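The following pair of complexes shares a single chain, chain A, combined with chain B in the former and chain C in the latter.
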Partner chain A sequence: MGHSSSDSDLRLSRRAITRRNLVRAAGLGTAGLALGGLASGPGAAASPLGRGAGFPRRSQDGDSLVFLSTQLRPVEEAEKMRGTILADFEGEVEFIAEDTGPFNDRIAAEAEAGEGSVGVIGGQHGDFASFAQDGLLTDLSDLATELQDRGFVEQYLELGRYGGEVLNYIPWMQATYVMVANREALEYLPDGVDEAALQTSLTYDQLATWAGNVNEAEGQKLGFPAGEDGLLHRFLQGYGYPSFTGGVNTTFQNDDAVAMWEWFAGAWEFVNPQALSYNNMDEPLLSGEVWIAWDHTARLIGALRERPDDLIAFPAPRGPKGLGYMPVVAGLAIPKSAPDPEAARSLIEYLTRPEVQATTLREVAFFPTTAGELPGDLPEGVQAEAAAVLQTSASEDALQSLLPVGLGDQGGAYNKVFRDAFQSIVLDGNDVREVLTEQAANLQSVLDAAQAACWLPDPEGEGVCQVG
Partner chain B sequence: MNRQRFGWAPYALLLPSLAYLAVFFAAPMVQAFGLAFQDDGGNWSLASWRAMFTDAQFREALVTTLILIVIIIPVQFALALAMALVLNAKPRWPGLWLYLYAIPLGVSELAAGILWFAVFTQQGWLNSILEGLGLLDRPFIFLDYENQGWLILTIVLAEAWRATSIIMIILVAGLQGIPRDYVEAADVFGATFGQKVRRVILPLLRPSIQVALILRTILAFQAFAVVIALAGQGMTVLSAEAYRWYSDYRDPHVAAAYAGFILLLSVFSTVLFLWLLPVRQEQAT
Partner chain C sequence: MSGAVEARPVVAAPRTDIAPTAARQARARRHKIGRALLHVAAVALALWVLFPIYLITITAFSPRDVVYDYPKRVIPNQFSAETMDFFVNSTGVLGALWNSVVVAVTTLVLSTLIGAPAGYALARFAFRGRDAYRLMVLSTRAFPIVILSIPLAVSFIDWGIYDTVWSVALMHTALAMPFTILITSSIFLGVPKDLEEAALTLGCTPLTAFVRVVLPLALPGLAAASIFTFVLSWNEVFAAVILTLRERTLPALVLSALNESPAPFRFAAAWFMMAPSLVIIFVIRRYLLGLWGRVSR
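Up next, the complex of A and B:
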């Protein structure tokens, strides 16, 4: 595999056809027809859930601009992109959403061939890392200057330079992770915590006590997305570790880390045992199986939209080292092989307009990367989520983590270390220190293989990041 | 005589399917084995196999795969045999029965897993029905990773539902090849139904049983969509690990090692069945 996968599960977006949506379809008696062709062999099991959004159709059309994206892959989101968000753009755009693997293959292949059909690519910071390294992307510094009035978050422009001079992408949209709770759970809040405190001062210990109270009265109703496509590893990397230890890789096995794992193993007693099949938390929240959940904003928005009166959104808790959180930035780039760079630039200009950013937020619940007030006419659920996101980054003790940087192909292996540690410590109840010692070696070999330097919240530096 | 009459024609007719097998089965298989014994730089190495054997998930995946096979295959055989005997007894509307039994064959593995997930999930059909009947106060969690027994039971049910009919069809074909005379002769001697099945039908069915067993076991080693749909990360099997190593961890070498290991297990089980259920030459045709 000569290309980078950059975290194949680092999917911002919900899976195209979620399991329960399929279940609903099955209930309507259409299952046999709809599903018959979905999967037939190895490799088909997980991917059909995510595909379908963007089957590459004819793309050498000449006058239509091809927009290839790892974002907005779910069918509904892709349709909103095509039908609503892109509606006012002058010119034909063919929006194709693709899994990270095929996305990488296509860009790399077009670069190798020296000519391509893809005009604009959309992806996460991590998706572009290897392209940036290989110099496959056009420098967009001049476009950023032209679009100065957009007020891009300076930090995000900095990210797009990957430590160099070339601006590889223009910030497009952002998301993060928050918590959502059912209002029925509020009566079980521990002493000293009220609804206002949830927004500003909830700690991990209080969260565990709260879930314990709910458990005593109603059963295990805490929820984490620990299923096949769930983002539990992001909880560990961007929330648990930073909040308890102030780092990730450099603090992987220290005493603080042991405390974090002990907290998690304790809190897991109150987690719904079906969590190992949860990919998105919106569905268990809607069904009432889960009352308190942590997940990606795009994977919670479905529940908040549907029942804004019954659910509340709030920031993740804080630990001894602060409120660790992980913003997710997506950007727009132009490959050097783009057939019509001018058209590509005008599409980026269009997508970063304030009104289009507002439409994006309203339709697919990804937040603007530009300055300015949020539009006032947001649906109630989106509003609630937006407030929790803003509350997170505005918290005084907020401690920002980046998605893993520079791992390339090793993204999945990196996540596996955290998943395996989780399974061994939390599910199988093995000795925390022993497991961490063992997994620290695996973690170091992943970082060595990728030759990755440390990233926030670990102290950034030269050379391969050393596990501590 | 025959050879002279047909000349090269039979071989020419075999050629397309041989070419197909060579291109789409043999070549990828050789390549996969090659991958498993190479490292990233293309050097020969056992590193992938070592990575597989020391992988935290390997043991669980192997044990679960074997448990599932040991439970599923006998259950499916009993069911398939019963279904085949029903069909062979020439019931009224034989076509209807056949189609009913064969419906799951048309449903993909993943879809079957999702259907059964809808049955067993916390707010699923089974819990709704049990609650509706007043048998449960609050939903029972069947898909609980702490209770591997339930997980295995649901997977066995889903697999039995999905893949029993393929065995049934092989057995029905076999049953139809058994001359009526034998069964009638047994009738004349006053054999009971059980005696007829045990002494006449099953022995004559041996070639079909052997084929069905081999086929089904190989398929069972490959099954994983049902497991992922029902158990998520709560349970793992060998083929699921092969898939993850390839698509998530992006290491085709370890994935190939897993695939090669599955192939070795399949070959071993095939040889085992051939040895346990020898078919005499005159039966084999």
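Up next, the complex of A and C:
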């Protein structure tokens, strides 16, 4: 009896819910349909095939110049680009930042369709490599001649030719890699190193000793961006290898290279284990997980801006062969599918003006690619970073490396060789020589596949670069 | 004899009474323990989901320097709308929010209008190749959309709807279609055919039988399915990124910038992306059960 009554209660209440649901859902459904009707109505009426048909936000299609960039993606930087850097441009320009993946697909798709909406593209040297190879970019040689008074660094213009005649991009801005430390780490500096010496004479051995001292007292506080999107491979290519061996590809497996890897494996003992998840070093520095870090200037500036009083910036250390460092160049290019090439050229002219380059440095901490002095009114964090960058290139033993040149679509494979060697030697603890012999073969096949000649700091020459 | 007969129940009665009581007590105890464990599990599960949401929310409304504090405060001592304000007022966020709503609603309407009749056909009619058709519908989901990106963009440029909300809505409709067709067919299967046939014998045409009998019964399920479509479109990134440039939807706009943005903005954006989904789920949670055909009972 009790059973059957509770059962029928259940059934009753279930039915009640069902009925109530029905009513509500019907209301909801109608509202949804009505809303949908409203939204799709005007669009459908104004021919859904018209571009941007019936859409209120857009004024008129094709009015403004689209400037698509893989650089300055972080929201704050993009806002500064729109609000400050581009503020005085005579025309109307829309700055859109995008990941490299969709960026590549979009430019390729617009080229294939023969009709584009992107006017100017901004990106790193490597971002343009495949476009240059496929001939998707306008030759800007004449624009470079017109803008001769800007004083572009000649090496950078050479880079933009990708070994050919066509100038694919105009140098836009540059960055490099420096180190940043928390002031609390300074009391653990090894004997004979003070804050001034950090700027001028720090060596890799001293760095390891320093991190070891910190480790004894506070734990593993050294940091490298070894995460998936981190730039650790650039540390190896532009800092570790050149500083210890004086080259990269031609010295890949010699005795000096073995010494470098041994140094790195030793120093890794003092690296925060979280480093394998670090892509940018600014956040671990801000949170205090890391006290001493190496990274790209753009990936450190957030920390320096936030806490200029607690953090110091200084050049990367030097090794037996000098202070290896790697400038990173970003350029501006015009796709052949650009809707308004004239407007695109005037935007490039604008962005390379000395005063605009100065504003770019002040606002987003990317350095000018043109001659001229740095502005004096820099924010504290940018000032600290700028000093470290200038200190780097002004060092007597500075040894400049270029970003890999002429690798085309082999860029990723090239970086993988270095990441794999790092994984095998430093993380898995395998024999250095064995790993280097194995990876040297991989490296050679990458260079062969790309038919790439050697680039700085290796001796430049004709023919495919030979791994040594 | 009769005494003996009467005596037996007297003796037996307490025995039969004692046994069930003990059993019932044991059962009740086990039941209590079971319920307690269930509650603990439910609370643990709820915390597992709610704690990150809570952290995101308080961090999104904290001043910038507090975001980097470690260890994090569980109970915030100061609030600030500074990062939220910056995020909402960044170029394109409000426009992208509007675009997202337009795309999601258009997708919902289109996929219901196209998918529901297909689902009805699958549920009601036995036709040659029905199983093959069902499988084919499903197999479009197994196709990796990533390799389609360039051809898609090229086609949309050729058709002149590249970089519009309509292109994204069309794409999302295509993506949502298998889901809509299969779910609606199971919903229509849950509506007894007898009712429809009864309506036909009582003077309805097939159309009026559908509109007056089947549709009202299927509506809760349809509503739930279409709201799933809404959420699917709301969260879709890949097609939205490749098909738009200036007319970004919110996820397309935010996700490209998020990876390299400082922590305060990530929290602000995460909260901003999460809140609408939460609201929608709160609104529809009671209809969700309708998906499994409860309407037919």
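By definition in this document, the second predicted complex is superposed on the first by the 397 of 468 C-alpha atoms of A that agree within 3 Å, B and C clash if a C-alpha of one lies under 4 Å from a C-alpha of the other, contacts with A are read in each partner's own complex, and residues count from 1 in each chain.
Note that in this section contacts are C-beta pairs under 8 Å (C-beta built on N, C-alpha and C of every residue); 3 or more make two chains touch, one makes a residue touch a chain.
Small disclaimer: the values here were computed from a predicted structure and weren't measured.
By the touch criterion defined above, A:288 reaches both chain B and chain C. In the superposition on chain A, A:273 makes contact with chain B only, while chain C stays out of contact range. Residue contacts after overlaying the shared chain place A:339 against neither chain B nor chain C. Shared-chain residue A:324: touches no atom of chain B or chain C.
Residue contacts after overlaying the shared chain place A:247 against neither chain B nor chain C. Look at A:109: by the touch rule set out above, it reaches chain C but stays clear of chain B.
Contact with chain B, but none with chain C, is seen for A:427 once the two complexes are overlaid on the shared chain. Once both structures are placed on chain A, chain A residues 22, 26, 32, 35-37, 39-40, 43, 48, 279, 287-289 are touched by chain B and, in the other complex, by chain C. By the touch criterion given at the top, residues 1, 5, 8-9, 19-20, 22-23, 26-27, 31-32, 35-48, 101, 219, 226-228, 230, 272-274, 276-279, 287-289, 409-413, 415-416, 419-420, 423-424, 427 of chain A touch chain B in their complex. Listing the residues of chain C that touch chain A in their complex gives 64-65, 68, 70, 86-87, 90-91, 95, 98-99, 101-102, 105-106, 108-110, 149-150, 153-154, 157-166, 216-217, 219-220, 222-224, 226-227, 241-242, 245-247, 256-257, 259-263, 265, 286-287, 290, 294-295, 297.
The touching residues of chain B, counted against chain A in their complex, run 56-57, 103, 106-111, 114-115, 117-118, 121-123, 138-139, 141, 143-147, 222, 224-225, 228-234, 239-240, 242-244, 246-252. Residues of chain A touching chain C in their complex: 14-15, 17-18, 21-22, 24-26, 28-29, 32-33, 35-37, 39-40, 43, 48-53, 55, 57-58, 66, 68, 73-76, 78-79, 82, 94, 96-99, 102, 105-106, 108-110, 112-113, 115, 117-118, 229, 279-280, 282-283, 286-289, 299, 302, 306.
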